[in-house]
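Both complexes below contain subunit A, partnered by subunit B and then by subunit C.
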Partner chain A sequence: MTGQGEGAARRLTIDILRYNPQDPESRPHMETFELDEAPSMTLFVALNDIRDRQDPSLQFDFVCRAGICGSCAMLIDGRPGLACRTLTSSLGERITLAPLPFFELIGDLSVNTGKWMRAMSERLEAWVHSDADVDLTRLEARMEPELAEQIYELERCIECGCCLAACGTARMREDFVGAVGLNKIARLRLDPRDQREDADYYELIGDDDGVFGCMSLLGCQDVCPKELGLQTQIAYMRRKMLRAALFPG
Partner chain B sequence: MSKTSELSVGAALIGRRESGRWPARMDFLQSASGLFLALFLWVHLFAEASILLGKDAMYRVTIFFEGYYFFGEKYPIIITLFSAFILAFVLVHAVLAVRKIPVTYRQYRVLRDHMKVMHHEDTTLWWVQVYTGFALFFLVSVHIYTMLSQPANIGPYASSDRVVGEWMWPLYVLLLITAVVHAAVGSYRVGVKWGWLPARDAALGRKRLKWLMRGFMIFFILLGLASLTTYVRVGLEDREPGERYVPTWERTATETGARPEVTP
Partner chain C sequence: MKIVYTDVLVIGGGLAGLRTAVGVRKRGLDTLILSLVPAKRSHSVAAQGGMQASLANSFMGAGDSEDIHFEDTVRGSDWGADQQVVRMFVNTAPKAIRELAAWGVPWSRVARGSRESVVNAKKITITESDEAHGLITARDFGGTKKWRTCYTSDGTGHTMLYALGDQTIAHGIPVLERQEALALIHENGHCHGAVVRDLITGELTAYVATATVIATGGYGRIYKVSTNAIICEGTGVALALETGVATLGNMEAVQFHPTAIVTAGILTTEGCRGDGGVLRDVDGHRFMPDYEPEKKELASRDVVSRRMTEHMRKGKGVPSRYGDHLWLDITGLGRAHIEKNLREVKDICEYFLGIDPVKEWIPVRPTQHYSMGGIRTDHTGQSPTLKGLFSCGESACWDMHGFNRLGGNSVAETVVSGMIVSEFIADFCQTEGLHSRIDTGLVREFMQREQARLDTLIHGDGTESATELRERMEQVMMDRVGIFRTGEELGKAVTELQELLVRSRNIGLRSRVAGANPELVSAYRVQKMLKIALCVAQGALLRTESRGAHFREDHPQRNDRDWLKRTLATWNSEADTLPTIDYEDIAVHTMELPPGFRGYGARNHVDHPDTEARVAEVERILSEIPEADRFARQAALMEYESLLPEKLRGRNERLTERLP
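Now for the complex of A and B:
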């Protein structure tokens, strides 16, 4: 970690977009907080400090503080990112925080990504489709370690919503499934337990709300806190879905 | 359910499956038509740059495209036909690309605000495509119409007269810059879109492709400007109006300026 230099304690000014949709009196406005920077301070630590000492009504989400739960995603100086993974030392003395766009606002920096993710998963039927009988008393079918590794790589998505907030396409066309949705299909497509064919996946993502709606702006690729290869996955799915359309059956 | 209604439901389902394939086809056609037009543009810019090698060189290129080296005679109609072919590609590409442009004020506002806070290069590059693409609707139309209607008026003098005498040079400067930028950015975007990258590693491939994009932009704008300046220079030469260029190998002794031999 960097930014722990001697005598480097800065005074941070943090502008936060405040708004509580539950309160009819509330209007969106920027509120400025000041605090002393501590060594190795993350935005997650800074926000807790503000809530503890300055304003207990400040709303923001966090669970794991280790970049695993994906609940602290927000716009940091305009770019989507995880508060718990962002060191204040990587930012200027004046920091602007705003809730992720695209998702339903709960209040201040807190948004309801879960609601959207659930709807998307249902729409894309993002679960293993199999009519094989599961015998719980038996060992699971074996899988090549390389394949398991590949699936695991895509499974690392934490559904934080950064890819959608960074996506110009999703911002313009709200029905777009986004990188998170396309990544889910790419992951299930790899899974030998899922019995669906490309033609079936085409029914789910083979339109302008799916993979062919993606305009390759690559905002998703450039902000993904888990550094997933979204550019590669989307391009791969685009080629596979094109093939499914051109050569059906 | 009666037999007929079953049949119509079946037909509708087949129809849906068929229409369901169009998003894939359209996405691919947009990329393919764009890539073809970019390749054509680069060849075109090299062909017109033949003037940099002299008027004879440009003359040779002109009659090559008029079929002289294949049929032993010049057929400018070939230029008309080829222009119509290119126009068809431009139309297909424009119709497919226009689907992606923000069409409502809300979409426009959201995207502009998004770009303002994100400061994201590839998003901005796409916006460059929207602007240049829109400008090309008008600039390309004028240019292609000229080629359709006056296919015979191409050559070292005829082209130069168009550039200078007919005041086409401002349009050609704009057309050159917008077309070269649009083609370079578009080719980069096709590469990342379909994963056709000049490296196994996606990040490295994207970086290389972006360098190529910048290189192509600079090279072809400079090449085009150099050609255009040469046509302007030729256009400013003192000549009879409407005079056509005669290549050196077809000239009589007087035309080449050689002193006629006078026999005493």
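Now for the complex of A and C:
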């Protein structure tokens, strides 16, 4: 089997940016840990090993450890990515880990993406708006199979926050909704069950904190772990929002 | 002392908890959700494969109905399930899926015309009708007579969780993230809320509520290797156990999924086999037809997992440095299908194994996957012994899975039970009167007790390592409480787990901070997990028969005469090192589907004394109404509709069963 057994017997050096804002004594600093690499070792395995055997106070977030829940995004050698599905064998002997920028730091590698995502969802009213009274005993409304697939393609976002960590606009505008927010609106706009129109979406994202803030640097798309076509969606939404602004009604 | 009052306190932000909160909110109640993690990161997200609901839209699902879903589920449970609850479930599942469709889940749809598909390793052509075009489609899963598992490409759980997460936000329901309940507040058989620790600040808060709901999922992480997310540690279920009043049901019923990857234990969905994948051994031989000529790879999960283990024991496993495994071969499905409908599997293979499943076989072996056991409740979701405590989803045992759960039935159960139980909770709150009169002295007592426990861990002079205890517990469960069980091994497990429990009362910490402290969290959780592990091991030791996922090599027969009963575990005193085990009978004389042969291997079970009479009675009842339709025939055998909340009653429309 490929992928297993390769790269064993290396001694890894992992530099981690440590800081606990809860502790008044704590100052941000790099701390270095060493451990033996094991076959098929991921950063999930490595970080747990460090916490279990070297420093029980190390903070980080993992939930699914399978690349699907979006909890464990961090800067891996400076690049945003999901730690749980990053094999140490894909990295050098010296690895640098830092918390995702842009989000509120909880401690060490743990950031509060959940709080930000909830606030973004509230601000963008990011749910299907429908006043249809659905009779649950009746056949469901039909949908073209291709349309369902297209919606799913956009729905695959796992709200990990990598796009914002890689975003130039987010560095300058703390209220920027990011690719995650714009993609969500694009997904809802595609969905016939959401009864809102472009004029409604324009109210939500038709400004510099929304679709007109994007500078098209493509960082979001470069780092998206789900390989979503974010730039296409943002460009498309920008055209639609411009049209909504120029030709209302 | 910080106290927060609400009507309904929901512990757990996965599908079951979210749907419950939305349900009670719609009934006008105040509610809030406590979650260890952001709700959309809950383990529900991992349900790749699909949700069972008998819509019968697709060609391969034609003729499906609640009746067939009911029969599959009861057989799958090895007759351990509560048949009335199963009926409630199968009748609500189509409603649940249609509700989710309205909330935005992009369910994969039926496309008219012909397409190639793989069934039993052969290519066949399936032709869908014009009239079904655009309705929700379904795929094949194990243990089902029809293609009934509705799905969204490869991300069913993700799309369901996001739709429900969005509804929670739309209804303005607070989800308090990174909050962990440490104990239930209760007195005189009434539950009044919970003592909750903030995982960032370490601060304790009392949440006082008229109804408290535990929807915290399963307890897979008591095993060393599990497909479960790392937060599925059973600590929510332990909250109920530690009251000494609430009971846990069938904790020994633990499911092993046939196809988790080696070594990470990450699940590859049953959809792999449902869509035509096969299992192969060290010689490349497809071995399942040798054991189960009819159902082959799509026998029930417990059966496939046992057959795989049996085959590896015969020396037919593939040796590797991580122990033996077998191969899952989906290469016959083709790139287009895998990249669209099994993309998550492809990603997992790429990232964790470095292989391309379009061309290469996937190393798999059976791995702990699902907890059929949980907090014992009645059909309303309420604990029969602790009033005001409700539970639903995987953390509950109400009990629709008995001793084995069918694939696609758990994700369905989360939303269905949330729909049903939220209505009963709202009724309960209306009858009870809101903000039940609770003495702050009681709240203070529970807060102080939890604070004292934490202080002992942080400042005490304990010497045991939580990590060491935990690793040992996980290993004991793997080695001695696994797929094949014996009295001897289980006895050793119980003895050692008891020793570990005693040692866990003397844990000491290296990092003595009160705020965010992962070591402290690990310490108090392992104390709870050991109690759960003991309930599983002790229940398994005492149950001297084989039923569903519980297989005793020294008692290989299913024994209805002595064991057609549900195990109940309580933890009577904090000083105990074992749960107290009791049983409740499962009545045969009222069953719609009396116990019979499950259809795997040779017919080999001991009948219950009432079975023969009930079989005859069922035949007689049905023979007296030869003209009756399927609804009347069902009602004549076992009434259940009156148990459902009124708004969830009623038939489900299908293409072939139109409503007026």
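The working rule: the second predicted complex is superposed on the first by the 241 of 249 C-alpha atoms of A that agree within 3 Å, B and C clash if a C-alpha of one lies under 4 Å from a C-alpha of the other, contacts with A are read in each partner's own complex, and residues count from 1 in each chain.
Going forward, a residue touches a chain if its C-beta (ideal position, glycine included) is under 8 Å from a C-beta of that chain, and two chains touch if they have at least 3 such contacts.
As the structure is a prediction and not an experimental result, all values here were calculated from the model.
Set side by side, subunit B and subunit C differ in how many residues of subunit A they touch, and the one touching more is C. When the shared chain is aligned, subunit C comes close enough to touch A:Leu58, but subunit B does not.
Once the two complexes are overlaid on the shared chain, A:Arg189 sits clear of subunit B and of subunit C alike. By the touch criterion defined above, A:Leu139 reaches subunit C but does not reach subunit B.
Applying the stated contact rule after C-alpha superposition, one finds that A:Ala245 touches subunit B and leaves subunit C untouched. By the touch criterion defined above, A:Arg156 reaches subunit C but does not reach subunit B. Once the two complexes are laid over each other on the shared chain, residue contacts for A:Arg18 go to neither subunit B nor subunit C. Once the two complexes are laid over each other on the shared chain, residue contacts for A:Gly229 go to subunit B alone; subunit C is not touched. Common to the subunit B and subunit C interfaces on subunit A is no residue.
Interface residues of subunit A, counted against subunit B in their complex, comprise 75, 78-79, 101, 166, 168, 171-173, 202-203, 206-208, 210, 212, 214-219, 222, 229, 231-232, 235-236, 238-239, 241-242, 244-246, 248.
The part of subunit C that touches subunit A in the complex is made up of residues 37-43, 45-46, 55, 94-95, 97-99, 101-104, 106-111, 133-137, 152-153, 155, 158-159, 162-163, 166-167, 169-170, 175, 177-178, 200-201, 229-231, 263-264, 266-267, 320-322, 340, 344, 347-348, 351-355, 363, 467, 509-511, 513, 515-519, 522, 650-655, 659.
The touching residues of subunit A, when paired with subunit C in their complex, are 1-6, 20, 22-23, 39-40, 42, 51-53, 56-59, 61-71, 85, 87, 106-107, 110, 113-115, 117-118, 121-122, 125-128, 130, 132, 134, 136-145, 148-149, 151-152, 155-156, 158-159, 188, 191, 193-194. Remark: subunit B residues 17, 20-21, 23-28, 99-100, 102, 107, 110-111, 114-120, 122-123, 126, 189, 192-195, 202, 206 touch subunit A in the complex.
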